[in-house]
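A, B, C, D, E and F are the chain letters, set down in written order, and residue numbers restart from 1 in every chain.
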């Protein structure tokens, strides 16, 4: 199997793009692919603490993220520059490691497949 | 009839949003409404000279703009700050008058109806 | 007051429908009238008749909420020009163009852009929910 | 080489279909194989069966071009999860959920997300056309 | 007097350039993320509102919102009663 | 070596931050408007390409494009043959 990088660059609640990306990442993991998830730009809002999707009758995105390790998706990164730009204090319990832009360059270069061009 | 301000803030070819906005403006004019069109942000690409929609089997947006006066839509403005930001040299034959941000504030305030929130 | 509303976003691409529906429910609670809800641009996809609400979102079944709005006599007007090019057609258009199926939900109706302008002109307020 | 492609944009909301179709035509001219075209997110609307191409765009009838791709045995695979919640359903799903109509064009087929991953894994290249 | 509906962070920037300084602004959808920009630019808090449900879903609480009022849909309706035109900013 | 497909002006900014300096970039769709940013930042022109049809539709000619090469779909295919992964940037 190839190694897959899923990039999420949209915020979680206005559209279902981020949810659908996550579903695809979980399916790749079920296929025993090596899966990495990177949150960048508005995608970093996914780590905002105290989300409560039920306030708008939606699922809570942070809970979907928390399920990733159960699918053996354990390489979880978030763009540090994007966190700073949006002043997001990532919920540490979600286990996303901040990553520099230089490291993101190397991560993309070393991936067989990059999924996440929508945004 | 009320006076209508149609704002176009998306570039013309990647989506049909700008074309559809223009159709709505023409229909309002056919209803004898007073119609103003304002291009702002990426919408200013609508004035780029030498467009040739046929290169991608589309209609040329500048030609649709040129038809506005035939519908008696003659109050045509473009955000000067957006032109500068994108370095667009507006095709002068299209008759869009550059407008300051302060004038746009007054234009919006004096409109009965503002259409164009998609982008 | 009389309100004209426009929905520009497709389901799951924006919150346009959720915002519009909750706003409509609040307008009615306040005793306001709704002249027409107009679906424009990608908003026309709100009227597709085959949407299956995911179980996880069953409290937010958009079409059930639209049905409740239509049941009160409020017109759910899909822009015919935006609709037919995207594949949102009623049975009249299905016949006219010899298409395999009518895809517009029966709670919605296809109308021309003039009906957007007419609604706005009759209304005291126009509120737009973008994509 | 073998290619897997993904289309994420709806018609008229992005150039995703035009880009993908012209790219496919060029791939075939170069003798490459296409493992599968996968329609994900709003890309599922490409498969609606009632689209009426505006006369002004008749040189760019997307569904006629997709039909030509399908006729060469290339699978046009619509994500079933993305599709059914948006109202893009085949006759099997129509029956299962008791919906008024099948809305998926017969050139397209509903498949699970696993088919995206399988196509990519079998291919040498993956190219994505966003919304 | 206009009411501005802001649906994104970029939408707030576009709106702030083109609104009269006394016009109120309601941030909703992903627009609720823009309340930090409002506070950073020290704009008058009595002119800003966020839609409570959208803020709660996204985890935008008092810390992010400061003194900006969270409103429900009934208050959203009241704002539209009192203002015209109503301008949406998505960007 | 990666190939980057850029579909918007913001997409180019996001891409430039995250691409290795030797990776080529193809601008297509509204991404062709970004070629001015490429020239302004004085990035190496031999790594940049615009899709000819999309540039022509939008009126992006030699003046805007400078020495950035305009390619057709066959050359687009060649670029994808020579590079992996292929990364799309819409933003």
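Just so we're on the same page, contacts are C-beta pairs under 8 Å (C-beta built on N, C-alpha and C of every residue); 3 or more make two chains touch, one makes a residue touch a chain.
The structure displayed is predicted, hence computed values, not measured ones.
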| item | value |
| --- | --- |
| Least step count from subunit B to subunit F, where 1 means the two chains touch | 1 |
| Steps needed, at fewest, to go from subunit D to subunit F via touching chains | 1 |
| Any chain that touches subunit E and subunit B | C |
| Identity of the chain that, by mean CA position, is farthest from subunit A | B |
| Same-residue or different-residue interface between subunit C and subunit D, half as cut-off | same |
| Result of counting contacting C-beta pairs for C-E and A-C, higher pair | C-E |
| Cα-centroid distance, subunit A relative to subunit D, in whole angstrom | 25 |
| Mean-CA-position distance for subunit D and subunit B (Å) | 33 |
| Whole-Å gap between the CA centroids of subunit D and subunit E | 38 |
| Sites on subunit C at which at least two other chains make contact | 12-15, 126, 128-131 |
| Set of subunit A residues in contact with two or more other chains | 13-14, 16-17, 56, 58, 113-114, 116-119 |
| Overlap residues in subunit E, where contacts from two or more other chains coincide | 5, 7, 29, 53-54, 84-86, 88, 90 |
| Touching pairs - complete list by chain label | A-C, A-D, A-E, A-F, B-C, B-D, B-E, B-F, C-D, C-E, D-F |
| Interfacial residue positions of subunit D with respect to subunit B in the complex | 12-15, 18, 56-57, 59-60 |
| List of subunit E residues in touch with subunit C within their complex | 5, 7, 28-29, 53-54, 72-74, 76-77, 80-81, 84-86, 88, 90 |
| Complex interface listing, subunit F residues touching subunit B | 7-9, 29-30, 33, 36, 52-54, 56-61 |
| Interface residues, subunit A side, partner subunit C - complex | 13-17, 56-59 |
| Sites on subunit D touched by subunit F in the complex | 1, 3, 14-15, 19, 22-23, 25-27, 29-30, 32, 124-131 |
